[in-house]
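Two complexes are shown next, each including subunit A; its partner changes from subunit B in the first to subunit C in the second.
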Partner chain A sequence: MRIDYKKLNKEVRMEKTNGIVKFFMKNGKKFELDNYESLDNEERLDLLAETGETIDPGYRVKFKKLEDRKPEDNRIELESDFTLQEVMESAKGIPITEKALEIFYSNRIAHTCRDAQKKMLSDLLDNLKDTYKDFNSLEYEFTPKELNQTTQTLHRYFIAEKTKNINAKKIAKAQLGRKLIGDEEIEELRKRGFDVLSKGYIDCMSIKDAAIAESIELLKDDETQSFGLSRQKNKKTGKIEDFFVIDVQGYGQMSVHIYDPELISSLSEHEYTYPIYQVDNILLFERTSKYQESFYRLGNDEEVVKKLKEIGPNADTHEVAVKGMLTKQQMDIIYGKTNDEEDGR
Partner chain B sequence: MNKEIVENLIKNDYLKEKISIIDKLIEKEDYKEAYFKLAVILEYLNIKYIKHKYNLDMPNSSVINIINTYIDKDNKLYKEMVTINGEYNQVDTNDITMDDIEYLAGMVDSIYMYMLEDLGEFI
Partner chain C sequence: MMTDSKDLVSEINEMIDSFMKKPPKTLSHRGRVYCETDLLEIKTAVNDLLEDKDAPGTQDMLKAYCDQVKQITGKGQDKGQPA
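Coming up: the complex of A and B.
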């Protein structure tokens, strides 16, 4: 018997998508901002950890995949399996680390909902292809961009329906018609839970942006902490994208996209000018590589700063600085922004 | 832009003028600027409405701050602004389409209509 891997993969991903829908059907209310904000910091982290572990398990594997891209000595080896709950536990009680984790994982959960929506739509389109297989002229292959845009429009339709915004629903319906998505497809997607994922997406994005705003308040007067707005060129599109970055001392760099123009302008005095060393970061964890440890064995911070300054600023030295809990002032010495003598060191 | 989508906004002379600027940007296919101008109109409406209704100034008018202002005061506007926040997070600002503009315009128009029904003209 031959195994049909295509069919098997599809079944596995449908099962995963169904699991995410079921989770949000049961727990979705907890992510509504008014309910979420009634939780204390520890309860928020517990909710995000439980959600992450349920809907997108396998953090250790993903972490390893990212570390494998680095030269062997620079890789962080994890001694044992761990859960996201453990990562969260280690952050509890450190306000800025708690906030960074909240931003990072609410964003990740929102994107998990969005990826599931795309898979759901893609599966539906595949089914349609099977239906029309004898009518070649009716077959149409969506490009990834079209798939993304159609997912966005379906999301608009379902959210407008939930908020009873008749005008917005009408506009989204007309846009879907132009994309050849009709009532039948909409109803099928509703049955599969597309609308539940839309709600999960907007709620988690509002949690992310609320946590960014709170962390700006926490950080704006802290002169020891490096954070702020970083404008990075997307390697694929060549276009500039805005990121909110926090160097979480001892843990690592946390970066997420930021979109609200007002939130961006509130960061005008906090430009992040250090290298982004991990856009694809998978988690924050207080572990170090042999390479990083070799610096900490040098002795005190002053010696580490001196050595890193000699090597020169780059992504690797920045990772060492963040993991080594160096302050913003010490980083500025490494980057030649202030003179160590002037600084009295 | 289809006038039906912004039928309430264009009844106000000040906002009509702003919509005509957006129309010109659309004609020039400067979709990104048109989108951002619509976002500014929405921010302006919220600041004015909050001042009139609650006598609150909004020195920080980020979407999340507006959401937090409505959170225990107006369930409808709270939900609409959570939707807007999701919308800003999902659109590719480097590749804004007419669909993005139309949808945001429709949202702004219906939010303005709700505010008008509640307060009467406040611009």
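Coming up: the complex of A and C.
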């Protein structure tokens, strides 16, 4: 019997999406900001770890795929029993690291919800394409950009419904109507849990924003860790995007998009002055590669700084510096922003 | 269009912040709690829109949220139930 892999892949995908919906139907309340903020830092990290492991166990495969693109000595291998709970354990009791992990992993969970929304819509469109294949005026062909945009509009529709704004809901519905998404399709998506994913997404983004605000309070008087606002031009769209970046000592560079104008304004005196290297990170954790370890074996920070300065600043040397817990001042030496003589070394 | 979005967002945030700092005296405690809950949800929805300011309909949705905030914060009478 021939296996219909397309059908099988679709079934597996739908099962994963349903799993994420079920998780948020059961645990969604924990992510509402009031409830989340009643947890202490350790409980928050435990919740994020449990969620990540449940809704996106495939992170290990994604991580390996990214690592496999690097030279062998630069790769980090995960053990078969590696878990996110381990990552969180090592951060507990270090306030800034706890906040950085909260920001990073809440952002990842939100994006997992968004990906699930897109898959849900894509599956529905496949069904509709099939159902209406004999009608030229009912064409459900979406480009990737249209799929992204329609996912977002559907999300906005359900959020408008949640905030009880009739006009905002009407506006979103009008946008959807132009793409042949009507009442029937909206109700089908609601039945499948699209609105549950919308809530999961928006709650996790609120958690991320709250953690960013808390981390700014912690970092603003810290003279050793680099952090701040970075404005970057998106190479694909040409748009300027705002990022919140922290060089998390021992863990690596962490960067997330930031949209809240009040948060952006609170960072007006904190510019992150290095390039952003870590954009598609799957994990933010303490593990190091053989290449990175070779620097730490040099014995002291001065030697590490000297060697990194010789090589010159790039993604690898930056990560070595941050994981090696070098300070902002030492980073500036590597980037040639200060002289080690000026620094009294 | 980007400047208009910025103005609307600032207006929304100012109204919400002003209400949070000094809610109308005529509002009961319960009414105040309901209004604050609604306003915080709207603030989250507005920030969500900012993820893609240039998407079709964004400007109109911001106007709709701005109108909703005006309605909530402009209410001086007792509110026993959510809006």
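Miscellaneous remarks
We adopt the following convention: the second predicted complex is superposed on the first by the 334 of 345 C-alpha atoms of A that agree within 3 Å, B and C clash if a C-alpha of one lies under 4 Å from a C-alpha of the other, contacts with A are read in each partner's own complex, and residues count from 1 in each chain.
Heads up, the rule we're going with is that a contact is a pair of C-beta atoms (placed from the backbone, for glycine too) under 8 Å apart; a residue touches a chain by one contact, two chains touch by 3 or more.
Bear in mind the structure is a predicted one, so any value in this text is a computation, not a measurement.
In the superposition on chain A, A:300 contacts neither subunit B nor subunit C. In the superposition on chain A, A:143 makes contact with neither subunit B nor subunit C.
Once the two complexes are laid over each other on the shared chain, residue contacts for A:80 go to neither subunit B nor subunit C. In the superposition on chain A, A:262 makes contact with both subunit B and subunit C. By the touch criterion defined above, A:205 lies against subunit B and subunit C together after alignment on the C-alpha atoms of chain A. Of the two partners, subunit B and subunit C, it is B that touches more residues of subunit A.
Shared contact residues on subunit A (touching subunit B in one structure, subunit C in the other): 33, 149, 152-153, 155-156, 159-160, 163, 165, 167-168, 171-172, 175, 202, 205-206, 209, 239, 257, 259-262. Residues 33-34, 37, 110, 114, 149, 152-153, 155-156, 159-160, 163, 165-168, 170-172, 175, 201-203, 205-206, 208-210, 212-213, 234, 237, 239-241, 257, 259-263, 266 of subunit A are the ones that touch subunit B when the two sit in their complex. For subunit C in complex with subunit A, the residues that touch the partner chain are 6, 9-10, 13, 38, 40-42, 44-45, 47-52, 54-57, 60-61, 64-65, 67-68, 82-83.
Of all the residues in subunit B, the ones that touch subunit A in their complex are 5, 36, 39-40, 43, 60-65, 67-68, 71-72, 76, 78-80, 82-83, 85-91, 93-94, 97, 99, 102-103, 106-107, 109-110, 113. By the touch rule above, subunit A contacts subunit C in their complex via residues 33, 149, 152-153, 155-156, 159-160, 162-165, 167-168, 171-172, 174-175, 202, 205-206, 209, 239, 257, 259-262.
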